[in-house]
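In what follows, structures are represented as structure tokens.
Okay, so chain A shows up in both of these, paired with chain B first and chain C after.
After this line comes the complex of A and B, so read on.
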């Protein structure tokens, strides 16, 4: 009786065949493995460096905004004048600001002003701040190079940047005059003594921001308890979506509540662009790798034409031949990925304290990053690199596998 | 019981501008349990006929029926299944998968056929013992002699108890003693297991083992004679 049952080779047999075939030519397999390992390492390592750079850029940016969420008067973004001020948080908003996701918050008065010394005058942004909150959100106490930061909200001193001090030809302990407009458009001015000089990571900021106590500024501008903005921060700017709606709801529709990527759309775009760039980078490296992978598999197939013909003659379906070659490719990719991942982690961990790139500090500053580059190894980037290599690797392997599966057994058995 | 029926088989090959006739209206019926030798000079069509019978190659025209299945009408997949379950092959050379051991080579067709591991193991040890390779089960082909490799190939060809074994010059690469041992083994399997053997060969000493001798020339059958199986020692031919 003729049996016509469908053949189905167990996958463990295909795995055995694929694994042993992989090591028939040690040298070629090792060379290809090295290429995949280095390629995967380059994908992950370079992505971590770029992520670190963008992270630094965004963190600096968010510190300078400041905060991951800002609450303003609806007209403030179009006209950041003193007339578009808001009241200090009410009970409902205060309750929301004490939520578990909120790390810190602060109120600020932020107005354009002119600073004058006996030598020069400059346009600045005057920041009336609550020192305790400001330190948690934005101001780095280590950036004070002379004197001190503000002690409290009614501190009558002023803190200016080192670059500004240089421009005004003034120094710590000297008096300067701040001039701005009150809500009635009257000139409001006052003398301040310089109590601190700070050095910012980005030199441009030293010429822009001048810090004074919020109550002192409110008095100067006849603002009572009005503020320009309320800034809120959490532990991770990436997860702002999870908590900012609660703040927005508590603030009410009369106030404009925005996450950082809406406050500064350029920064928001940077993050999206970075995600796209990582994908492009990973795919480009893979494309270079794919030529080697296809070449290795094509060589492996051509070396085994007769053997493949024999397996077909014995009753192995073409689809099984295809699977066998794909499994071989899968092994190659998985081993390369494992080694590449390990190599990437091993090389990134010692660099967690940062890479000094001060030799290109000027350029880095122009991009909004500091001169120490911290690689940021993100799980989703590692997963992306692994998925791209596996999926595209298998897709690329289909061509030689298909070629092997479509051999005519008689012709294949007749090959020398 | 009829094993194979070939009817009006034609097959041509193109070699540059030249058309070579592989099979020219070949018709043949082979009964179950027969032991047939196809003989003839190179290019006479014996391997082409063997390949067509085994479903490895399709004829340009004509019919091939094994049992009640028209194999010339089957697609690649079903043809592979039919070969797996019904036909055993022994080729002239390069018979084994080099990365598998002798036992794994024998088990290969059973694995593809979905047989349980225990049954596979039992059968492979038994058949390797039967072909005289006891103790060599875990050797890879590179560590077996040519004769031993052919014995593994024979073991693999018959282990899943096919109705038909096709062998193409099975002794071509073997010395006379090993060839004789191999042919004795095939005759024994033919007699004890009622397996049909069709062997393509040049070797007159191998032909003596056949119950039926078919001579071919230029793709045609020129004689088809029954004979008594009277092997002569291969070393004395």
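After this line comes the complex of A and C, so read on.
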């Protein structure tokens, strides 16, 4: 056996050979290309849809919490009662809340209450809010369908959901009575005039939240200037880790400071689960593709056994044969990837305005998403899909390529 | 004829193993996707079933008789007369018709519920104690105190989170304040006799039940109530039961009989949404397998062009050759189906015993009323639906290579390399 001299690999020749070989059997190559294209398209398209759904769910969810970080009395989460209130932020906390990462913050009184019209009564969650902050964190002014949102913290009006107005058989301008308890368990009640009616993205919320000015609610409940919660947002739910520890430190040990994924563990899980799902989906599709890929290469090698034998007999080293097959597979994968990516982008762009899935609106609401689905094309996901296909694709091609490289030239030449 | 069929199958079989590796790779693609499909479809069926069962068994039930306005507008005044006698009548007539079903009457009202320390606005449910245990799992989940038994007792059973929030325990009093059906003032004092823990925080936070007799007097209901819950033995028997019950109700025009789908539209829709996304994935898998088959069969036809040319020159009709290619695919697909379905069934069967779980499942499960482990449901449908479609699509994919043979010219084919 001749020990191969260390020489430069003639990549130019190899590329040309691989490229021409690829198109010798154009039918087979085209079928395999279609399969890779469809596979890659499915990876990216499906991922964008699911991402869009989870994004929407998280954004909705965080708007309803509200905020990416919340500060409560330690007992409040388990027992959301007026007795578990906290003082308004002290100096240290105020300073942290004015930090650069914080986009907005607000404090709220949030207590269970009963709302009654002359026709009916319902259990609700009464939110005493600072209108300016609330609008930045949670309340969407466009959701007001009649009247107006609260003007300031001592606004004496009340804003209720459209569904609630229907249930109570009341309307804008009418009076309703709010009943709750003060810290000494005395029933506190007060009449409010309905100044606004809103329509929520998730219909269930309309029957749950009723908005009033925070100072008005504090007066009603004998709360002085205590609040139930402080909510903070940075407008980016993915990178809470970088700033929330400062808030936590400033809030001190007596208060419970939690990021959104601890406040609502379902939402937190959804995000990590989604990442897992994307990986599993991409790998499953790749595996389904890999059978065809290996098959194609095995066929390509099989047809050329004689030729490969001849090339070896003429002095081509086995490693060159290996490279040549790998390059052929690389071409196949890259073209498939390109087409798949383009197809995915082309199909997703027209859907940017949202896909109407209101046929199953109630079901989507169960999952926490609204009835219009916005696909979210994320660079990470696209990169992941491409890397998986190219890396695993080349890895699976090694087997047939290695097989081709290990032919005995004499035997190979003898094949018919 | 039978010998020629035999020869056809033998030729197909031998042809397949001329390229052992290629054939196994193609069958491998089928096995892979069949295995996945059986597993995923069984898992889906299992989780849907549990989701429906758990949601309906907690409270809603399979069917409800309601005032016809109640479902759209659940108000105390949308009630109907003589609820208890009507429930009895339904129970008796279903019994004499030999149908197994459970029937219980309920009333629903709203009241401010106060303990010594806390007050909450709550939905209060009036139930028939001896029958409620059959239609809902909640009475069985009382783990502190007991469920009430007396139709007229001034007693209440509440969820564990609610008990904690109200700061009450067994034997404590709760004051109920609300308005009756006629708008009158309703006030009463009840004793907490039982606390249940369903594990679902929303249910445990919001549910409070009174005996129906006391409920009716507290809220000035007279003999009225809001719904009669009827449960069938199994979800599949619901529509038959619905027909039976609606004929019993017959003449009472103010009533409507709603099935679980109308009562909980979100449930079915969540399942549909999940179905849609699942089928998108399945279809992609199936299409990829079909491409694999198309590729293999097209190659195997092309490399045999010469051979086929000779066979045609010897007098074989293109249809015979097409059948040959089809038979080859048929054998491959059958192997893929048998092995894939068998492996998938084995996997699903194993998981139907030990249960299936993944990280994050617990939080997910809570949201959809599922336990933290799913047990796949194996049925003929869940086993053969996916692999069956893969089988058909593989046959379809071999149509093109098979049909090409009809355009083969023997003379030029024999010259092909």
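Keep in mind that, in the parts below, the second predicted complex is superposed on the first by the 395 of 416 C-alpha atoms of A that agree within 3 Å, B and C clash if a C-alpha of one lies under 4 Å from a C-alpha of the other, contacts with A are read in each partner's own complex, and residues count from 1 in each chain.
Convention: a residue touches a chain if its C-beta (ideal position, glycine included) is under 8 Å from a C-beta of that chain, and two chains touch if they have at least 3 such contacts.
Small disclaimer: the values here were computed from a predicted structure and weren't measured.
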Which partner does A:39 reach: the first (chain B), the second (chain C), both, or neither?
second
Tell me which partner A:413 touches in the superposition: chain B (first), chain C (second), both or neither.
first
Output check: A:20 vs chain B and chain C. Expected answer is one of first, second, both, neither. What do you get?
first
So, A:306: does it touch chain B (first), chain C (second), both, or neither?
first
Tell me which partner A:92 touches in the superposition: chain B (first), chain C (second), both or neither.
neither
The chain contacting more residues of chain A, comparing chain B with chain C, is C
With both complexes overlaid on chain A, does A:318 touch chain B (first), chain C (second), both or neither?
first
After lining up the shared chain so the two structures overlap, which partner does A:185 touch, if you call chain B first and chain C second: first, second, both or neither?
second
Looking at A:113 after the superposition, I want to know if it touches chain B, chain C, both of them or none. Which is it: first, second, both, neither?
second
Check chain A for residues that touch chain B in one structure and chain C in the other, and list them.
none
Spell out the part of chain A that touches chain B in their complex, as residue ranges.
1-10, 13, 16-17, 20-21, 24, 306-307, 310-320, 408-410, 413
Listed in rising order, chain B residues that touch chain A in their complex are 51, 54, 56-57, 66-69, 76-78, 80-86, 89, 91, 94-100, 104, 108-109, 111-114, 156, 163
Using the touch definition from the top, list the residues of chain A that touch chain C in their complex.
25, 27-28, 31-32, 34-35, 38-39, 42, 46, 49-50, 78-81, 112-114, 120-124, 167, 179-181, 185, 187, 265-266, 268-270, 272-273, 276, 281, 284-285, 287-289, 291-292, 294-296, 298-299, 302-303, 357, 359-368
Residue ranges of chain C in contact with chain A within the complex:
19, 21-22, 25-26, 28-29, 32-33, 36, 73, 75-76, 110, 112, 114, 116-123, 164-165, 178-179, 265-274, 276-277, 280-281, 284-285, 287-289, 291-292, 294-296, 298-299, 302-303, 358-360, 362-364, 366-368
